[in-house]
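In the two assemblies presented below, chain A is common to both, partnered first by chain B and then by chain C.
Entry: the complex of A and B
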């Protein structure tokens, strides 16, 4: 299951880096594509602006198949306050841009599953695949616009997989 | 670089994305379908299929219904089953297209599909469109993407106009239309000797995207029939029309493809499909005031003779397993 989560994150991160190289965030002094996994970072008081934050929530297993099929729910949280030069008045446009980027990096809706516990990463046998996102209504908290997109991420639990 | 294999081949269920439809014309005169050869076409580009296949995009509610029947042959007293025989070979296919176009409308109706030609000066109303404004000849320098009218010709064509390019009707009997048989003319009288009749049903259509400084009409995509012949003329289309009624049945070759999430593919190939239901729509409510309207299609499958063993076949189902699947 961890391989599926890692694969999903890395696939989206790599696609974002190509789609919009300018969308970067500085984490612990390092510039990187502005997408991160919440459970793999230090606890945050509030969502960082202009960054996609992946939060893994529910998980179910389908056991009546030849190979167990794991179904995970990934919530992608993102927020923006717009840009300083525009005094935040462009926050709606900035949110629309993030919506579009998220939809774009989720296509195609599958990626070869990898194990990132080795260097270099090891290719596994199957693909991780996922659903179209369900975009929740926008929320406003002070100067921030916030959105949550929910995605069903599915992967076969391969025999011998850690 | 070698890739570590950590497991033996897996027995996996087929989980697929949506179904995609591809159609190709049938030579109606000879009854020859366009065959999808699963061996030759293993590297088929599903995003850009080879001519004459046309990608019609994702479809919804794809349903295959086998209507073939098998009956027992009994013998003895009391009667016991001695063998089985195939009594009937038949199948239908139904689905909804997600777009409206000349081709999806035509496939979703069981009669001729017509182009509504820009009208001339006739004041006589006709349900399928009044007599058309005169067709314009094309210069020999025209190509599949670029049409040239004779110099000095004035026309109502502008960027955005839809056009049809095909021959005059001059008394032909039988299948007419380029590059697809679009109708069957039983007699010149039946079509009123209308010189525009072939262009009224033709699939050789396009949309003008711009008009060049030399007067050339640039098309958004190449004409399906390729470079126009010297006898072809152009007319403006203002709409697309089908009818409840008529004596013609559309017949096409079809391929439906389900792409699996592990890279496998399931292909259903019907060499001969004829529309078997009148024009109908599937309506999906989106909000209280918005609805999505999709052309519904239903087809009967007809048999072909398989080239390997001479058996009559109406559908081929091919499964291309993924690289890890147990076979």
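Entry: the complex of A and C
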């Protein structure tokens, strides 16, 4: 299950780096694509703007198949307050841009499952695949626009997989 | 935010020194701020929670550490207040070549006070005549963590 989570994040991160190299954030002294796994970072006072934050929530095990199929729910939280040159008046356009980027990096809706506990990463036998995102209603908090997208991520638990 | 007093007056650092003296007299503690090392970990393992973050301890003193007035609410962690000398913060901001104290505090993963790990909830600056005197941090006790990794 952890390999599926890691694979999902790394796939989205690599796609974002290609799609929009300018969308970067500095986390723990490293400039990197503006996407992170909330549970793999230090607790934050508030989630960073202009960054996709992955939060894993529900998990369901489907045991009726020859191999257990794990269904995980990933919430992608993202927010923006627009840009300084435009004094934040472009926050609507910035949010639309992030919506589009999220939809683009989620396509294709699968990725080969990898294990990142080794260096280099080890390819596993199955794929991680996911559903279309459900974009929730936009939330407005003064000068900030926030949205949560929910994605169902599925992966088989391979025999011997940790 | 720099809110300098632009009036023509003879200014010196007496207020800052007095603030430091008050902080020493009121407790004289040292706060250890945990920040990421430089250069940071750019590997996949570092972004997936596999590698230890190797946070560095940044000691700031003088400081006063006290528990805030408790509001008895079930399952709410204890909150604390930390007052840190602005001169100590400014020194670290300069050493780390950061743009501001806000940049420093936003980098802090946790605060260690005598073995107690605390998370920063909010911070504010106490200013006199446009010059920061002290920084006030609102801290929350972190949840207990296991002593070993799950590898």
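Heads up, the rule we're going with is that the second predicted complex is superposed on the first by the 162 of 162 C-alpha atoms of A that agree within 3 Å, B and C clash if a C-alpha of one lies under 4 Å from a C-alpha of the other, contacts with A are read in each partner's own complex, and residues count from 1 in each chain.
Definition applied: a residue touches a chain if its C-beta (ideal position, glycine included) is under 8 Å from a C-beta of that chain, and two chains touch if they have at least 3 such contacts.
Model, not experiment: these values are computed from the prediction.
Once the two complexes are overlaid on the shared chain, A:160 sits against chain B while remaining clear of chain C. Touch criterion not met for A:87: it reaches neither chain B nor chain C.
Of the two partner chains, chain C is the only one that A:32 touches; chain B does not reach it. By the document's definition of touching, of the two partners only chain B reaches A:67; chain C does not. Within the superposed three-chain model, A:125 lies in touch with chain B and out of touch with chain C [touch as defined at top]. In the superposed pair of complexes, A:109 makes contact with chain B only, with no contact to chain C.
In the superposed model, A:58 makes contact with neither chain B nor chain C. Those residues of chain A lying in contact with chain B across their complex are 65-67, 69, 109-110, 122-127, 129, 154, 156, 158-161.
Against chain A, in their complex, chain C makes its touches with residues 36-50, 53, 106-107, 109-110, 119-122, 142, 151. Chain A makes touch with chain C in their complex at residues 6, 9-10, 13, 27-30, 32, 36-37, 39-40, 42-43, 45, 116-117, 119, 121.
Those residues of chain B that touch chain A in the shared complex are 3-8, 10-13, 15, 17, 261-263, 323-324.
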